[in-house]
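Going in written order, the chains are labelled A, B, C and D, and every chain counts its residues from 1.
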Amino acid sequence: MIIIMKPNSNEEQISSVVSYVRQHDLEVHLSTGKEVTIIGVVGNKDKINPEHLASMKDVERILPVTESYKLANKKFHPEPSTVKAGNTTIGPGNLTIMAGPCAVESEEQLMLIARAVKKAGATFLRGGAYKPRTSPYSFQGLEEEGLRYMQNAKKETGLSTICEVVSLEAIEAAVKYVDMIQIGARNMQNFILLKEAGRSGMPVLLKRGLSATIEEWLNAAEYIIAEGNPNVVLCERGIRTFETATRNTLDISCVPVLKEKTHLPVIIDPSHSTGSYKYVPSMAKAGVAAGADGLMIEVHNNPACALSDGPQSLTFEKFAKLTSELRPFCQLVERDF
Amino acid sequence: MIIIMKPNSNEEQISSVVSYVRQHDLEVHLSTGKEVTIIGVVGNKDKINPEHLASMKDVERILPVTESYKLANKKFHPEPSTVKAGNTTIGPGNLTIMAGPCAVESEEQLMLIARAVKKAGATFLRGGAYKPRTSPYSFQGLEEEGLRYMQNAKKETGLSTICEVVSLEAIEAAVKYVDMIQIGARNMQNFILLKEAGRSGMPVLLKRGLSATIEEWLNAAEYIIAEGNPNVVLCERGIRTFETATRNTLDISCVPVLKEKTHLPVIIDPSHSTGSYKYVPSMAKAGVAAGADGLMIEVHNNPACALSDGPQSLTFEKFAKLTSELRPFCQLVERDF
Amino acid sequence: MIIIMKPNSNEEQISSVVSYVRQHDLEVHLSTGKEVTIIGVVGNKDKINPEHLASMKDVERILPVTESYKLANKKFHPEPSTVKAGNTTIGPGNLTIMAGPCAVESEEQLMLIARAVKKAGATFLRGGAYKPRTSPYSFQGLEEEGLRYMQNAKKETGLSTICEVVSLEAIEAAVKYVDMIQIGARNMQNFILLKEAGRSGMPVLLKRGLSATIEEWLNAAEYIIAEGNPNVVLCERGIRTFETATRNTLDISCVPVLKEKTHLPVIIDPSHSTGSYKYVPSMAKAGVAAGADGLMIEVHNNPACALSDGPQSLTFEKFAKLTSELRPFCQLVERDF
Amino acid sequence: MIIIMKPNSNEEQISSVVSYVRQHDLEVHLSTGKEVTIIGVVGNKDKINPEHLASMKDVERILPVTESYKLANKKFHPEPSTVKAGNTTIGPGNLTIMAGPCAVESEEQLMLIARAVKKAGATFLRGGAYKPRTSPYSFQGLEEEGLRYMQNAKKETGLSTICEVVSLEAIEAAVKYVDMIQIGARNMQNFILLKEAGRSGMPVLLKRGLSATIEEWLNAAEYIIAEGNPNVVLCERGIRTFETATRNTLDISCVPVLKEKTHLPVIIDPSHSTGSYKYVPSMAKAGVAAGADGLMIEVHNNPACALSDGPQSLTFEKFAKLTSELRPFCQLVERDF
């Protein structure tokens, strides 16, 4: 931690900051410049509250030097992690494709889609049973019934399954039926839910919040891992910007940034981020080329009749075409699927 | 709802969209232009899923004409609402000042602050007992113990009390001890929590999400009111932008926008939005001048030692100075405090 | 300047950074921590290129400690500046109201408006003769003819005059006819134009770019002042965010931030930022309450027929009502108008 | 154009809007709903000012149905364009790699870099002679001298050349020495410069503004083409968001969006957008996979000593590695380089 004093701070103020730091068993390195004085703090910073320091007289700014997340941090875990869920391993060497409808609508629909995505090469079936919707009057999901259909689809196809959870009740139910749970963008900083997801021991896909920084995202992952559950996969699904031609802006550059900062696998969701099926194939390829560990893609038997997010769903035909086009890209980046 | 067809859509596609709409007992108004055909949909749009339409062939765009929120909508409730909580009425004619520490730290601290803010004119004591923190390693609040201190502070001072809730358990506890609950920015789209807040019947202060649009915010309020609880107050606390000189950007223009769109009261939080006590007084005055129904301001007995958000807290002296400076502004906008 | 080394940098890399700094006649303060080493650089940093340092091996980050703008910086010029233009003084003690049409359309129109805004208390007539428009097919302004009308309006009413310039030619023309020139948001980083505005010696109103940080804005002001022209006034006109209910988001908190960082006067434009006449009065009051030195407001004799930006223009009646409502706010903040 | 009236507008107001439209020789299609009345306007909308309409009584909103750009619009020019500059053709079937230093520093430096990038497969040499810098005290470029070095580098290597222009003088000089001119992000809405670039007849690379929407960007291109110069190439270089881990956020999804809306070629700049050489290779591959027509990459003989933007420059070795890794990606997307 570095403390920058205001220009022309007097000796007394500087001393008082220095003694405050030393009282907390931390070492001080003092740099006295013509314009500013800088105080370097060395030692275990957990002992001190940076906000106390920030509000001391003549302190201009506090600069953190190390990240607040530890368990998610690549510095302390240099090898990339793999996360196992159902029959699937997410991580280096694999490209995991999660596909399925935004919302589970009926057992027939889900079976149809499960068979189609399996045939095209997906190893994971996604399907929402609990839908967080902006308006209380929109369709909110089939809940536990939907989870049961997911379980049946797994039995028939062997696909691993993933479902979003929005509450502690949903986690309890999901544990019984599916292989992996998803925390959605709107709940990325629902810390109660994160802790419970951690305690469940289930593999967790953590979507990035609509305006979350990468640092906040990794801190949210830390909440899960800190409960003893290291099975976290990150999923970029677009951030909110002023651009309106796409629903959100897919921040693909988060892939190399995350590969530098964390050991956790990273998945790209080109469906929710762009909001249009037309843009999904090119962004899926871009995600693979950028080094992502997987893709989450919406597929529907009849996009025109989907109960939610129809415009961004691929038909079976378009999805099969996409996976066949993706194969040579996977070879280039040395990933199997 | 308006459906805009793609340029040069063929007759067949247009017919198929038209019959889809008519099948749902809605009326169609057709405008056939040289470049584009436009289909106006008249009737109860709840019968139809706009996303189905959006994914039909040759449909370019669907434009909603009316807002999805009803109970929060000024169109259907033209008079401004008042919300009562404890001994306080929030709404026209009043300027409600909520003040107190970011986090309740001890009973002594809370009592000291409660007396000071009461003396300076606040009618509401705020204090966090459940703290949603970015890092799992930061101080997370005293929980139920903190709520008990709030209750004691109320008994002594007569101040109404408000506390943030982050889980169903927190709501259950808060109901017993405080007068109003707060849903924080990070939970604005935690729909489970919103519904439970609605069911509690308690007055609710709903903070705007860090990157929420006003429309999403009002839809979040709708979740609460739809459970039969009309006692919702909105609180602007800054939105996320690229500017870094302030922690967030206080969107004061939301005040006149909300006054046009909704009947719910609006409160401005100049402390969290700016992140610095130095900017609080001018932004508090700006909020009052813009027509806000109240202010939420952080006050601490010793900002340099606050367990969270010290740099943005006012001292007792600064807070008393601010309230005395605010009085003539309140007279100008015809609000008592 | 502070140089933060990567965790576990080896001695050799640290030495090589240290010698690089010393070669540039700068002093080094070394803080060697368990996790990271920090190198404080003391002396005249203009001698060194921070980007060189940033790309040296094992350097993690370079942190600037002092701002790059000097002449605009309050640290080196603690007293607030006043800027004189025509018959008007902008700065402490005054509230300068600039009012008029977005675009000058005809001499009759301009005269009508000039008389009306003068009567209501404005001291400045604004009117665009060179319009930067998003589409090349939109009305682009009357150019020099428009400036001549401005001059005539000044002769009759005694109002000071201001006009946007978009090119060197426009500056040359404006110098002959008006009292102050305006650099628009889209040209805030048109450095050639800034330098030329500096060389003209004219008072300059510098609008903030649509996504400019306050730091970039002050650096843009520095371009003008560095040419020997200290007569710069800043104008906040809304920044681009994801919110769509208003055209842009008026960042009123820039007022106290600027009052802390610079001595230059600050003006608020509630018309362009909100994009709607309905929101102008409350935001004008908020701006005054926040401590702004003035307001720029669009007024039109017939907003429904304005050639540009009609929806945000006030009628004469609404403008006169606003200025009369503003007077008591000005008294509270001790400003005359 | 669609006019949406306010709920419960009276007959008189509706009639007055309808007659206004008819007076401008446009046809009206009226949809009278229970909640709202919608007026479709059919015909040549250039005859009418949407802003007039927007400010008429009881008008709620005006919705444009067609884009304001025509010459850049794919609807009126369905085949993708190719742009020739020097010995290079930009467009379908090719992947154009523009490489070189951010700033031209000396003739020796430029020659060294030109030979290296040529050897690695680039067909274009980039190099800034006029640098738009945030601070007036930063290095601003060698100007005409730098252009001369570019010309010499072309003579020796046969590479095509491109240089940013910031003023009319710079355009006049550039025409004499280089093959293509670049309009930088900060000048994307410097309409005077756009027009002059159009009149020059030179191929133009138009970078996207830091917070420009795709629609504004295409309107900026329209300014150039409207002067009779169709040789425009678009370049995405990152947009401004709240994320700080990268300098800007590279909006790769603009590639499929642009491919749908315009016939102009699109280039991706992974250097300026990410701000770090470490992220350049993965984002370059992502850009190619997404369908971009080319890449603009910073390369420097000694990044640690670059006069600007060192941290984002590739060394010769890293650049050669990248181009060899890009070749198989180019084969997959059927582009030569």
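Keep this in mind: contacts are C-beta pairs under 8 Å (C-beta built on N, C-alpha and C of every residue); 3 or more make two chains touch, one makes a residue touch a chain.
Note that the structure is predicted; figures quoted are calculated from it, not measured.
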Note to self: When contacts are scored as defined above, which chain pair ends up with more C-beta pairs, B-C or A-C?
What the structure shows: B-C
Note to self: By mean C-alpha position, what chain is farthest away from subunit B?
What the structure shows: D
Notebook entry, point to check: Roughly how far is subunit B from subunit C, going centre to centre by Cα mean, in whole Å?
Noted result: 31
Item checked: Distance between the centres, which are taken as Cα means, of subunit C and subunit A, whole angstrom -> 39
Item checked: Residues of subunit D whose C-beta touches two or more other chains -> 211, 240-242
Notebook entry, point to check: Of all residues in subunit D, which touch subunit B in the complex?
Noted result: 2, 4, 7, 27, 29-36, 38, 40, 42-43, 63, 65-66, 75, 240-242
Next item on the list: Mind listing the subunit B positions that touch subunit C in their complex?
Entry: 211, 213-215, 239, 241-246, 249-257, 260-261, 273-274, 278-279, 282-283, 285-291, 328-329, 332
Notebook entry, point to check: Hey, which residues of subunit A end up touching subunit B in the complex?
Noted result: 46, 49, 51-52, 54-56, 68-69, 132-138, 166-168, 186-187, 189-193, 195, 210-211, 216, 219, 222-223, 226, 240, 277, 303-311, 313
